[in-house]
């Protein structure tokens, strides 16, 4: 399968290289009659946009989405929604130094080996710029879901880890700081740390936590298409992601069954929620929550050794305008992918209505 | 999408409830002309089988696979391979106590809510018994892949964590003990611990590590179908899994880019392998390795409170013959799912041959 | 895509060669709570069964379907329905004469070329025996659809063509004769003709007409998955089919738009129905009707020249017990495939409910 | 499944309404390294373009395709090819008369019923304008296939039917006349006839024959995805198509098996080709040929009765600039869809290479 499509019923196909004419996509299967708030879509894009604060890349890209189809008189028509974001600020010259050599821990090498050659301008298709298209489609998915709340935030940067449960956080504070951490004290620490990292010309990893609330019971399919399996795939498909855990996650392996089991209240809710809102792959109405691990950005502004196409050693240095830490800008991407998964399963759940 | 199919080109569809007539599946898309070692397939099934040691469930199920089609004169024909494993040892009586009440942290409740009713005998379709069909198909995938080595093993049980790198382990020892941990000393500790847990009528979680070696460069698809995203989905679709990480994983978030980046050798291999053998979703020829977190089995042989269908409180007690720790038997399942993913991407890679 | 799956939401995967252990399939996605009449399923199979009359093949196959899963206490559970029909009457010896040579207008040659070898017993996977699995799944689809009526019948055998409109036929007479033509006079002529053809050791083609009534408005998807496009694919996937037309079909090309256009009544129905119940790929509530052309069966009981694997000329003669005309037994297959298509689109239509 | 995607490995997704900002698509899965002749793509579009001759609609649309991605330094990169054709000549005013009433034999009524409302400007998504995107993708598919020749031509208009076998036609004459019939004498008759029909304000149907030559043996998949089944679906998905037949087609039903069977030559080719180049769903190396029936265009420039949204009778008259006969402009569309099908199966065939 050509791998640029996500979903089957609520289906997004994206296209575009970071330095081509445009990126964009087609969202097919969005039900008709959804009144779309186009400003809200652009606002999501702005959350992902470069240059929005001092701790992200200073590239200037307007990232304005243009819709071609599927919307008429302010509503979705049920037909495919085509859209594009034109690339207006490519500085292809910035990438000439990587034309013939491979940046460590980038996709340059494998693209060359797999496809025989590559569009070497800024990562081409492997650039995280592609995720802007996901944010557009995810913003539409959010509006379709309407009653389900999806909130993602930064919960770790390097060793700085927020150790509060999400129940003790105020999600309205997520956008109050450039890190997108809802704990102001921790956010300030993280911000300072990222600034230090940037000064070193280095980068650092982080974790995004996502909480989905007000989920109806019954989303998710046995056996292979469990809700958390698809969420996991969605998150792992985001650039730089190295891990996914939901509910009790990796910590849960240390627990005994008698501790881990979530006891029922009489209304079917549970006293604890180690399950993370999903049982047997199907939502049980409790909050869904999960963590997504991002590695440090590979582009460092330091000299490094690498090889060129012929296998000769070369020494070079990262250039360009990159992020010292990817997680602040990745928050809306995590939310977008979660929304796409939930929209898909919402449509699927309708097919077996009793 | 009905959720009982995995893969598109190397495609497995499974069927069957734990206490129905049979479980089984159809493997479609396996190329023709593969000489099949049927004993090797049965051997994989035996690794997953109940009753194989003192630390797993003592249910006795022969779990013999019967093939219906797709194999002729010892070779795959390119047509679908249909197979079944008959259920011969169901004790449905064991489950009468759960007919009308919901076991905590099981799928009982969500199946009832989603489908309106359920096959309440032993978990029905949500039973891990379904994974036997995956092991059959995965064993065929392994034979198709032939040159790629896939080794999974138990690396953690509760707090007992193997802290050796996989490079310092001897995979030939995996099957030398019932825990399937290749470090004999740690294996003995884990075995004792699981026995203690069983005596308490309790259960414990664990981690399986999987290492895939001799992978050709170029498996995996951008953008949504990254190799690790599909591996993640495959693992998260296994019963009781709560997390997946590959390469540097969750630990990698604490690293700086300058440390994390894998520098190239002149032959294109890398000096370190924080990437876990995958760049931009595509295999780079280095070892692929990942961890899979399993929660403690939900069925404990202790009294517990729960609710019945009408929302009334009831007190009951787990019965039946269950596993105190699922990871030893899950090792072949992890390998099977990894093999299915690699087989799919091997076929996909052929479509763009240069 | 491995080609043994039909449908996405109401999804049938079949397996099995004509002379292996069994044929069968997995039907995934059937909604839960459908009370199944298992006898009605077997009855559909019996309509397709060999040996049912003097004008069909005299092979004796009981063709009894065995269900493995997905049905509990008489109802569908929403989980995959696995089933098999064991092959009990294979006379593999009958086919030894074709092991090394290619029967004209059979799939022997292309299977050998495509797959490198083939299961030469009775056509293997290319045998029309596979369609028994479709009839099982189609019979379940019919029960799911319930209010939609699907009636297929033989409308042409060789040059004998029924020239009545379907509105002037009594569908209750379809099963009153072995030809399955609802016009008794024409049926008698066709029966005599087929008997003559059989005496010659020859075969003859025919046409099946299918009428679908009481279809809700709105089934079908633009653009590529138009309802009639999927019906066409479904019919063309049946062995020996060479053509498909719906509504005015090939005759419609001779008409002018002013004649062909279906004028509306005030209730949205149309005065004529050249459209065949489908506009723009979507059902409009009028009857859907279409014709399916079947070529003469390739196996003739006459001497013929052909080539062997090495390209040497050989003369041989058809043996075995074959049908002189395939259309009487193909009637339930056409209905089954129509039911599968309608079930798929019924589920799809639910996803955009307003 | 959202229905705007065709193919799985060589996958086209289209978007766009006739009177929105743009139509276009994403072609995913095209192998890397194909040197693209962009002029040849535009030339195919020009064959489909309105206003090219006196017998087609006189709308003026430049129909210039703009590529966004997937092409770098003149070659396909293996990444998705995004493209758009901007709508520059919409006269939305022309359609105000159909805003509230339903044109007979158009999709207006079913779109309103299915989606709750519709983009009423010129047919919206159901407009044949969508097929321009198919022609773009098909032109790329043709270049990918390179050695396979695909030639379609008009073989019937109304009662005027070309009765020569395709072997006796010179395909180089197809583009020599506006009808796209390779027999100059018949082409002249057809042209005159279409002009007469236009004068009446009426329309007429027709048949396109397509011949595919130099096809490798082995394209096509059993069982449901037979090559001719997918070709049939592809053709039936084109606007106004009512029928599809390949090889002997509907005429073949009158033949006896002894006549119809194609006898082998020693090289594996056949003396006759009633099979139409496909056996058991798989290409056998002989020419593939098929006929596609198109109904008369529904828009006639004559007064007609219809109903409005409330079910009231209204009398109106067709306006706009429409085609009196659709087949001349549909020739490149038929070729494009054939090319997409063959590209898909070419990639699929690679997955089982021996």
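Read from first to last, the chains carry the letters A, B, C and D; within each, the first residue is number 1.
Keep this in mind: a residue touches a chain if its C-beta (ideal position, glycine included) is under 8 Å from a C-beta of that chain, and two chains touch if they have at least 3 such contacts.
Note that the structure is predicted; figures quoted are calculated from it, not measured.
Its interface matching that of B-D in over half of the contact pairs by residue number, A-C stands out among A-B, C-D or A-C. Chain centre most remote from that of chain C: A (centre = mean of CA atoms).
Spacing of chain A relative to chain B, judged by their CA centroids, is 26 angstrom. One finds 46 Å separating the Cα centroids of chain A and chain C. Averaged Cα coordinates give chain A a centre that lies 39 Å from the centre of chain D. The multi-chain contact residues of chain D, meaning those touching 2 or more other chains, are 1-5, 8-9, 14, 29, 32-33, 78-79, 114-116, 125, 222, 348, 352, 354. Chain B contributes residues 8-9, 29, 31-33, 78-79, 222, 347-348, 350-354 to its touches with chain D in the complex.
Against chain B, the residues of chain C that register as touching in their complex are 1-5, 8-11, 13-17, 20-26, 28-29, 32-33, 66-70, 72, 75, 77-82, 84, 114-119, 124-125.
Taken together, the chain C residues at the contact with chain D in this complex read 1-6, 8-9, 14, 102, 104-107, 109-111, 113-116, 125-126, 130, 156-159, 197, 200, 202-207, 217-218, 220-226, 228-230, 232-234, 236-237, 239, 242-250, 252-268, 270, 274-276, 279-284, 291, 293-300, 302, 304-307, 311-313, 348-349, 352, 354.
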